[in-house]
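Listed below are the structures to be examined.
Heads up, the next two complexes both have chain A, just with different partners, chain B and then chain C.
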Partner chain A sequence: MGVVCVYTFPVPEGKSGQQVVDSLQRQLELLGAVKTANFSVDCETYQSNNPTGAAQRILHVLHNSEQPASCFAILDNGTTLVADVLFEVLVAKLTQSKSGKDGYYERRKGLKIESKGPRFELSDFIVKIGSVSMASNFKGILVEVEYCPCAIPGECWELMKEMMQSFMGTVVENPPMAVKNKKDQFYTPSDTVAQYLEHFNNFRKAVVNQSPR
Partner chain B sequence: MDPALTQALKTGVAPMQEYLLQGSILDGSKDILLHRLRGLCDNADTAPETFSDHEMRVLNNRCSQSMCKHLRYVGQTEMGIGDKSRHTLVRTCLDIGVSDTVVKFLNEMGFRADFEFVARGIFFHKGRMKVTVSKLFKLSQPGDPQAGLEPVSGSHLVELSVVAPTGQEQVGEDMKNFAEQLKPLVCLEKIDHKPFAAAKQGT
Partner chain C sequence: MAQSGVTVSIEAVHENQIQEVSLDGHETVIPPLSMSECLAKSAQKIDFGEEDEGIEGKQTSEEGTTEKEESAFQPSLWPWDSVRNKLKTSLTEIGVLLDVLNIAKEKKYMAIVQVQQDTSEPKSALQLLAKKKAISLQSICGGLNTAASVLISGAERLKRSQEEKGGVSSHDKFHIELLKLRQNWRLKKVGNSIIGDLSYRSAGSRFWQGGTFEVTKTTSLPSDQEGSTAQQYPLQVVIPSELEGSSYLQLEIKSVPDSMDLMSVTLQVPDGFGRTPLNAHWQSRLDTAQNVLFCKELFAQLAREAVQLKSNVPHVVVSNQIITNIFPGVQLSIVLCHSTGKGDKKTGPHSGKMDHKHVLEHSLHQLLREVHHRTLHLAAPHPVTAPFGMSKRRRLAGPTAMSRSDLKEMSDRSGETLLEQIIKQARHEVLRQRTMSVIDRLAGEIPDPQIMAHWSCLNSPLQSNVKIIITSNGYEGMRVTWQSLDLEIGVDGILVTTKDRRTLKLSFQEKEVEDIIRWQVSQHHIALSQNLARLIGWQVLSYNGCSGVGEMEGFACASSIQLVAPNNDRMLSVRSGPTSGLHVFLKIDSSGNLDPSLSSLVDPKWLNLGGTFRELDLEQIEGRNLATKLELIMAMVNKKR
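Let's look at the complex of A and B:
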């Protein structure tokens, strides 16, 4: 597991998401990257039912195809749990209503969001270009770059920035928050998932802001 | 949900069912039981494995912390204790490997710790049956098993359990036959937990 940076890549006016993805793909192939597989990162959101009026909790359950046997559960205050995929069955039990009473948590409909696309390998780097969609609507593009040999962000950020700027340009100026906060510590897969969650929440908020009155 | 997981749910692979028989034996007679179990169970020529588990019960979930953190959801007993067709207690169970943040995570999800204890003992297995002979300890300092432990009673708890996919009724028969071989040292039977839960709520 290396250090991962996830950035939103803007879609210019007049171009479609697919055109931008194709153009990024061409640039990567010119650099010598080889497509190995497809990837997907998805997020399902649940909300607590609190009849006693206690503080409401939002629970996000994410999956990353890079860690297929795991699922990541993140609460709205940032507490993260990494568990095996059976955790989802437990969440399903918590959302089940029994004997007329509502479940402890309920799934928020229409908020499932995912980033899917091709995965490339370019020597020590893995690059993934994801098209983000929510309820089959295209929302944007997320580019994930992983530098595999190093697990400490402070030691490889400059190298990663140079590599990312070679095909993404000035979109990459500062490290993502999850990477900045862990400058001298070991980077973990839950940090990658936290970056995705931040981007997914931004895409969801953008939908709310744009919804017609 | 992942398609493989949906398939697992349909075929009854997850959640699994736990078949359970429980009994106890006085500390003084424990060694005879261990000797008999060594003869009956697998790997008779190697020393049996010991374990030390710190278990916390959180509402209806059990969280067992040993070498790596492990979350176990245990459901209500199926069909009640009076069901004569079942020789063992049967309940749904889900075993989930988790990261170290599980206790904090469950607290923030809204669960509250119910009780905790440390179980230390030996476990044996025979095929898919697991037998544990363990001594239960109370923690002098809640949350810290290193601070000091007091034994709960002068006996060891003996449990015979099998975790299997739903619908495998032969498991109960096999467990009953195995339990017969441990009599009269220890009487393994299905124990109704409801009176204990009701008594606890009354206190």
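Let's look at the complex of A and C:
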């Protein structure tokens, strides 16, 4: 498992998301990257149903195609659970309403968000360009770069920054929060997923902000 | 009054019977019988059949006339019919008599011959009858005999069972043996018979062939012919015919110069093997039958995999053999040898030694048992009701967030077939044997430095390690001079780590190991010289681990060293290469030839620039190895003049 940085790539006014993706793709191919497959990261949100009126807890369930056997569950306070994909079935059971009583968790509809796109391999790097969509509405572009050989962010951040700046420009200045906090510790896949969740939440908030307009 | 001719007529009295009188007085008279009627009536009275009684019949006929008259009135028959018939028969008989008389007299067409068999015919009938009776008697006798024998044997058995004093009766013996049998094998009662199961089904096998045996009581009497040594068991097991005899799996690795050698792998089952006599103990018979079943399953699995596996090297499956090439020029053959034990006693020709790899055969057995175990046992934790599921590694893959490449590698490793595993083990075995033989051979061939091999005692079927140490005899204290080499023997090749931690990958060729060892030997010479020089006091002028000058070696490179004596007047040069060998050169300076007048002008140290190197014949110099020889040389040469 290497170190992963996820960044939002801004879509300039007037251009469509697809055009930006294509341009990024061309740049990568010029660098010598090879397209290997497609990837997808998606997130579903669940809300707890507390009859006593206690504080409502929100649970996010994410999948990452890079770890196909796993399912990530993140609570609103940051606690992360890495489980087998069968965890979804468990959550579905919790969501079911049985014998008149409501389920323990309720699925918040309309909040399923996902990032899909091509996956490129450039020697030790894996670059993924994902178009984020929520309910088939295009939201933005997320670029994920992974440096496989190293697992400690503090040692490879500089190298990654240089590499990313070569095709992304000045978007990349500071390391993501998850990476910054773990400079000297081992980087885990749950950190990647936390980064994605942060970006997804930003996208969702952006919708909410824009809608009253 | 007498007149002439008085006619006297006598007439019968016309006393005809009156049939009826009509009312007017008219009498109807029965007409009198005519003459023919009268005669017919009389003829009827005659009975031609009875001669003696004919007269009497006539006499009585007058009395019975009236009765006959009544019978004459019967309208149906013609009255002369019976007469006619009787006359006809008498005519026929007379004709026959005439014919016979004619034949007897004339003897023209027929003759009367005495028939001789007339007397015997009545006799043969009697004989046949007698014969039939005899046969039936015999069969009855025979039947009675067998019945008698059965009854007698039964009676004897009963008598025997009654007679046994103290001790256990045979009936109880049977049950005790049955108890012992049940402690080792699964039995169940089906109807009247006891059926057992000797297959590995309960241990996890999924083979289509099942082995069921039947348990019977020994009914035959102990025969005296076999002698008293044959033990009689109260229990007998009946084993299915396809599992009779015994079998084993033979694994052979041999080198074939060209492609696969299919012809030479012929069945060479040692005779006398697999002949468990029928009255052997039931445990041994059941064990051998179970072994037969196991070998069958093993071979069936291997054959199936050999056919289905897609690999670079094709596997050949021929009836009971599987042949494949594990290395170019090395062939592995797996043969299922099954002897039914019923064959004739002639021994087959044992051409050539059979080089079984017993360890690999045992390993095959273990692998199949592992497969059985895996079908039954699932890694914990799992619910009791779920006997199959994912392996532990797969279950942990989710929580440990394994990437796609990790998962792929895991699936590749766990899906290895039996054949692949045994091929890997066989390859490792071949590599290890070859390396061993090379090291041993070189240790014998090269006398100068000693080659020692330390094999690691912790091995696996797929990897072995060996450490090769090259030292000079007598100078082992100088650890620095040691050349050590680590060989890691794997499945496909050998990984060599030298003293300076360089790694080299070798293929399966034996020559590569030999080359490496020879090269290390040459390196050792030079290292030894260096250290010896340091100890003795000579100075090292130059050390070249890989000299690029001089003749080229066949492989690797030569190394050389130049040493100079403490008083600078002698110089030694040692060059050692894996193919060129060891050469020692000595240079003695020519200061003795100089004009004494020049010596004050010229610094002695410049004197040793000239002079030529001359090779020393190391054979002539006393000493066991290079170290001692060098020491001697250096000491001699350094003598104070």
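FYI, the second predicted complex is superposed on the first by the 211 of 213 C-alpha atoms of A that agree within 3 Å, B and C clash if a C-alpha of one lies under 4 Å from a C-alpha of the other, contacts with A are read in each partner's own complex, and residues count from 1 in each chain.
To be clear about the criterion, a residue touches a chain if its C-beta (ideal position, glycine included) is under 8 Å from a C-beta of that chain, and two chains touch if they have at least 3 such contacts.
Bear in mind that the values here come from a model prediction, so they are computed numbers and not experimental data.
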### Task
In the overlay, answer first, second, both or neither for which of chain B and chain C A:Pro189 touches.
second
### Message
Just to be sure I read the superposition right, which of the two partners does A:Ala92 touch: chain B = first, chain C = second, or both, or neither?
### Response
first
### Message
Looking at A:Gln67 after the superposition, I want to know if it touches chain B, chain C, both of them or none. Which is it: first, second, both, neither?
### Response
second
### Query
Does the superposition put A:Gln47 against chain B (first), chain C (second), both, or neither?
neither
### Query
Counting residues of chain A in contact, which comes out ahead: chain B or chain C?
B
### Task
Look at A:Ala83 in the shared chain and tell me whether it touches chain B only, chain C only, both, or neither; answer first, second, both or neither.
both
### Query
Where does A:Thr8 make contact in the superposed view: on chain B (first), on chain C (second), on both, or on neither?
neither
### Task
Could you tell me if A:Leu75 is touching chain B, chain C, both of them or neither one (first, second, both, neither)?
first
### Query
For chain A, what residues appear in both contact lists, the one with chain B and the one with chain C?
82-87, 190
### Query
Can you list the chain A residues touching chain B in their complex?
48, 50, 54, 57, 59, 63, 73, 75, 77, 79-90, 92-93, 104, 190
### Query
Can you name the residues of chain A that touch chain C in the complex?
1, 65-72, 82-87, 188-190
### Query
Quick one: in the complex, what on chain B touches chain A?
1-2, 4-5, 9, 14-15, 61, 71, 73, 75, 94-99, 101-102, 104-105, 108-110
### Task
Would you pull the chain C residues touching chain A in the complex into a rising list?
394-395, 397-404, 407
